[in-house]
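Two complexes follow with chain A in common, the first pairing it with chain B and the second with chain C.
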Partner chain A sequence: MSFRIRIPSIWRAKRFLYRLEGYRCSRCGEFHTHSRYVCRRCRSRELTLERLPTRVRLVDYTVVHQATRNNEDNLPFIVGLVETPDGVKILGQITDCEPEDLAPGMELETTFRRIGVDGDANIIVYGYKFRPEIH
Partner chain B sequence: MPRHVDSGIVGYGCYIPRYRIKASEIARVWGRDKAELPIKEKAVAAMDEDTITMSAEAARYAIWRAGIEPRQIGAIHIGTESKPYAVKPSGTIVAEILGIPPTTTSADLEFACKAGTEALHIVSSLVGSGRIKYGLAIGADTAQGRPNDALEFTAASGAAALLVGPPSSNNVANIEHSFSFVTDTPDFWRRSYERYPVHTGRFTGEPAYFYHTLSSARNILMENGYSVSDIDYFVFHQPNVKFPLTAAKVLGIPMSKVEPAIVAGEIGNTYAACSLIGLSKVLDIASPGQRILLTSYGSGAGSDSFILSVADGIVERRDKAPRYEQLLRRRVEIDYAIYLKNRDKVRV
Partner chain C sequence: MGTAAVVGVGHTQFGQRSDMTLAELAWHAIKEALQDAGITQRDVDYVVTSNVGGWSSEPLPAILVNEYSGLGDVGVMRVEAACASGSAAIRAAYNAVASREAEIALAVGVEKMTESPTLQAVELLGRAGNFFWEFEQFGLTFPAYYALYATAYINQYGAKEEDLAAVAVKNHFYGSLNSLAHFQKKISIEDVMSSRYIAWPLKLYDCSPITDGAAAVVIASEDMARKLTDTPVWIRGIGVASDTSNLSRRQNFLGLASTVKAADEAYRKAGIDKTEAVRRLDLAEVHDCFTIAEILAYEDLGFVGRGEGYALAREGETYKGGLIPVNLDGGLKAKGHPIGATGVSMAVEAVKQLRQQNAKARQADIKNGYALTHNVGGTGHYAYVTIYSLNRPTQS
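For the complex of A and B:
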C-alpha cells in the first residue's frame, strides 16, 4: 500500500484546512497557517490562535486545466487568491461556479469539500474551498 | 411513548447540492416511458461533495440559526447509508470541521432512510436526560441507484441537521412526543461489498412504506389524544411524490397540510435526509403555535414519528441561514454523462 498524500502532514494541517484556524502574531500581526512557536516575520513568541472570517474578497483567479495529483478526475478547476477583511491573503480552490461567474473584488464564502483522494489508499482529504455566496 | 418536555429544536439547516438531472433525461438514456416518471428531477452531489461535506454544510446552518458556540455541543450523530468510509466515522470529521470539541459522543447510524430521525431520537434523549446541553442530529446521503433500475430515477443527494437543546419558547420548535415502529421487512437491502442496493418490488408499497408510515403516524396521534385537525403540517418520508400524498389520503389529511413538505419532486429521494429536508422546508414557513407531525420511513423496515410545536424563536432564527428555496434556486442542469462522472459510476 502506498500513499501519495502525506497523511501526517495533512493531519497536522487540519486545523487550518477544516476551520481556517491559524496563529496570529500579537506583535506584528503576521498570520501563520500552521502551528508555530516563533513568528516567521518578527521572531516574537506571542502567537495566538485565531479563526479567519468565513467571508472573503476575491483578488484574482485562474483556471487549471493540467491535472495535479489527486485532482485528475476533477478538471478543470478554479484556484483563487482571496483576501480577508484584515488583509490576510490565502490560496484556495473555488467551487460551485463557472469561471465566467467570477470577477476580482467579489465576495466569496468558505465551504467544506473534498480536496483530494489518494489513489491507492483511498484516504480522503477534506478542507476549505470558496464559493459565491448563496442568496 | 411518554410525552417529551425536555428538549427542543434550537436550530435547523438543510443542504441541497446545485446539480440536477431530470428524470426525463434518465428515461431518455434507458428508453423508459417519460409519461410515468416518479419525480421531475433530482439533486446530484458534485465530485467534491459527499455525505461528510453536506452534513457539515447543513450543520453549519443549524448552528447559525441556533446562535450558539460549537464548543457547547456534546453529541453529533449522523444517519446515512452512504458513508464515505466503510470503517472510519463521519461524525468526527464533521465535528472537527465545525469546531466541536473532542468531549463529544459521536456515531454514524444506519437504518436506511430513517437513520436521520434515529439520530434525532438519540440526541433528544441525551439532551432530555441532562447528559448534554446541545447535540446535532444529522441525516445525509448521496444515494445510489443501479443504472437502469427504478431507484435511479429518484436516488438523490442532500443533508439536513437539527440542533437539539433544552426546551424554550425561544427555540425554533419544541419536541412534544415521539414514537417508533419497526419490523423485519425485506423490502430493500445492500450486502457488504455490493455497490448498489436491491429491492423487492412488491414489498415496497403496502407491507413496507405504508404499513410502517401509517402505523407510526396513527399511533403517535392516538396515544396522545390528537386528531388530524390538531396538526398544521404533516411531513412524511418521500421515496417519490405519490407515496406521501397517498399516505395523507388514507389518514384523511387535507392536501394543504402535506404539500408544503413535499420536496421529492424537485430534489428526489435524499434517503436519510429526505423527511428532515421536508421538515426544514416547513420550518421556513411555519408560525409559532403551529404543530408539525414528522414521520420518517426506512427500509428494513421502520418509521419514527415526532410531534413538534413551533415556538416563538422561529421568527427571529429562520433568516439566519439560507432557506430551502434559496438552496433550490442554485440549480444547474446536467446530462446523464456528467451525472455518471459526478456519482463515480464510471469504473475502468
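For the complex of A and C:
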C-alpha cells in the first residue's frame, strides 16, 4: 500500500518524537503529546511546553512477531507501555535487550533511534525508544 | 419509543468466499432473512449496511448491495464502528423502527477480507487504533494491542497462556458443530500452545481469522412483528459506549471500560440486575477477536468478578451446561470474523438460539428466553451490548 504521506506527519510530531516534548496543562496537569489550544481533560487554555523525564518505569509490554512492511526488517520487536514518575503513560519500542530481560516495574531510559522506513522511497524515520538503564 | 423485534435472519457460509462479489454475498444473507420473515424486498422501508471496507475496494457498498438485492429506492446508509459495525447497523435499524420512522428495517453486515494479501490486512487492522501514534511509530499491530491487555491480565491475576488457549479450544469445538463456520475442526490445548507467536503472549491460535461473509436481520415494529411471526425476538436493550483512541490513555489494561458502560446500559434497559446476569441469560455471544478478549468480556459483562474470568475458561464453565454458554456458534475465533458482518452474525445466532433452531449439540437450553450479544470495535474503542428476548418489554 502506498497511501502514506509521512514527511509532514513526522514534521508535525517532531517535538515529541525527537525530544519527548509535549504540552502540559498548568491547571490540571494533563500531558498532551501534540500541540493543543485546549486541555482535553479540563478545557483550560493554559498549556506549557514541557520535556518528559528520560527515566521511566515499564508498565506492560508485548513482543511483535508479525508486522507490516515498514517494520518488517526489525522483527521481532518489543513495544512497551511506560510511565513517567508523575504518571504520564506513553508507548514506545524497547531496544538493546531481549524480552526475557524485562519485567513490569523496571526502570528504562530514553534513547534516540531509527524507528523504521517509510513508503516506496524507504525514507528513514527517527524517534525515541526505551532501553534498560545503563549504569 | 415503540418496541421492535427481529422477525427474520439470514447468514452465509463464512470462509474464503472467492466465488462471490461483495454484493452477491450480502444478497444471499438478505434473501434468507426476507424469506425467514415471510416478506419481499418491497416491504422493507429502510436499510443499514455495515461494512468496514478497505479490503474490498468498494467505497459505496450500501448502494451496491441495495441495487443488487432489488431493494429499490428506499433510504440506506453504511455505518462504521470498526469490528462493532454490525451492531451499529442493528442499532440504527432498531432506532428507525422504534421511533416509528420505519415499519420494517433491514440491517446487513458484509465483509470481503481475503482478497487482500495478509500483510495488507494486518496493516488495515493495525490502523484501527490511533494510527499515527501506535501503528505507524511503534509498529503496534491489532494483535499487539490485545497482547498488552493479555500481559497485564496475566501479570495481575496469575492466569496462564493455557487458560487463554482453553477459549480457543472451546470455540473451535463449537465451530466444528456449525456448518456455517470458517473453521470446523477441533483443536487441542497443545495445538494452541505450539502455534507461533504473533504478538507475545498471543499465538496464531489465539487470534480470529481473516474471513469473508455476510449476515442480515429484519427488524419490525410490534404490530408488524405480530402479523409476521409467532416468535418475534424482541430487542430489549442496546447499550453503546466508546473509549480513548490511544491505548496509553486507558485507565488500566484489565478490562474494557467501554464494554462495562455498554453492558450497564443494556442491562438497565432490559431490566436485568447485572449481578444476576448469568441466572437471567440463557447464552451469550461475546467478542472473542482474541482469546484474552473473551476472558475480559466474562468480567466486563458481570458473569464473574474481576480476576475470575480465566478460571471460567479453565474449568469449562462457558460450554453448554456450564455457568453460562458462550459462543456456541464457534465465536469469531472459529466461525470467523468478517468484521462488518460479525455484529449481525451474533444477532442471527442469538435469534436462532432463542428460537431453538440449532443442531442439538450446540443448542443452549432456553429457560428464561434471554440472550446477550457483545460486539467490540478496535480494542474497546467502540462497544455494543444488545439483549434479545422472547419476552416482550412490559411497557413501551
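The rule is short, and it goes like this: the second predicted complex is superposed on the first by the 128 of 135 C-alpha atoms of A that agree within 3 Å, B and C clash if a C-alpha of one lies under 4 Å from a C-alpha of the other, contacts with A are read in each partner's own complex, and residues count from 1 in each chain.
The rule we apply is simple: a residue touches a chain if its C-beta (ideal position, glycine included) is under 8 Å from a C-beta of that chain, and two chains touch if they have at least 3 such contacts.
Computed from a predicted model, the values in this text were never measured in an experiment.
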| item | value |
| --- | --- |
| Combined model on chain A: chain C and chain B, fit or clash | fit |
| Contacts of A:Asn74 with chain B and chain C, given as first, second, both or neither | both |
| Which superposed partner A:Ile124 touches (first chain B, second chain C, both, neither) | first |
| Per-residue contact with chain A, leading partner among chain C and chain B | C |
| First, second, both or neither for A:Asp96, with chain B first and chain C second | first |
| Touching partner for A:Arg36 - first (chain B), second (chain C), both, neither | neither |
| Which superposed partner A:Arg27 touches (first chain B, second chain C, both, neither) | neither |
| Partner chain in contact with A:Arg55 - chain B first, chain C second, else both or neither | neither |
| Closest Cα approach, chain C to chain B, once both complexes are overlaid on chain A (Å) | 12 |
| Doubly contacted residues of chain A, that is, touched by chain B and again by chain C | 74, 115 |
| List of chain B residues in touch with chain A within their complex | 18, 46-50, 52-53, 56-57, 84-85, 93, 96-99, 322, 326-327, 330, 341 |
| Interfacial residue positions of chain A with respect to chain B in the complex | 14, 18-19, 51, 73-74, 95-96, 111-115, 124, 126, 129, 134-135 |
| Residue ranges of chain A in contact with chain C within the complex | 1, 4, 6, 9, 13, 17, 33, 59-71, 74, 76-77, 79, 81, 89-93, 99, 104, 115-116, 125, 127 |
| In the complex with chain A, residue positions of chain C that touch it | 119-120, 122-123, 126, 132-134, 136-141, 143-144, 147-148, 150-152, 155, 196-202, 246-249, 253 |
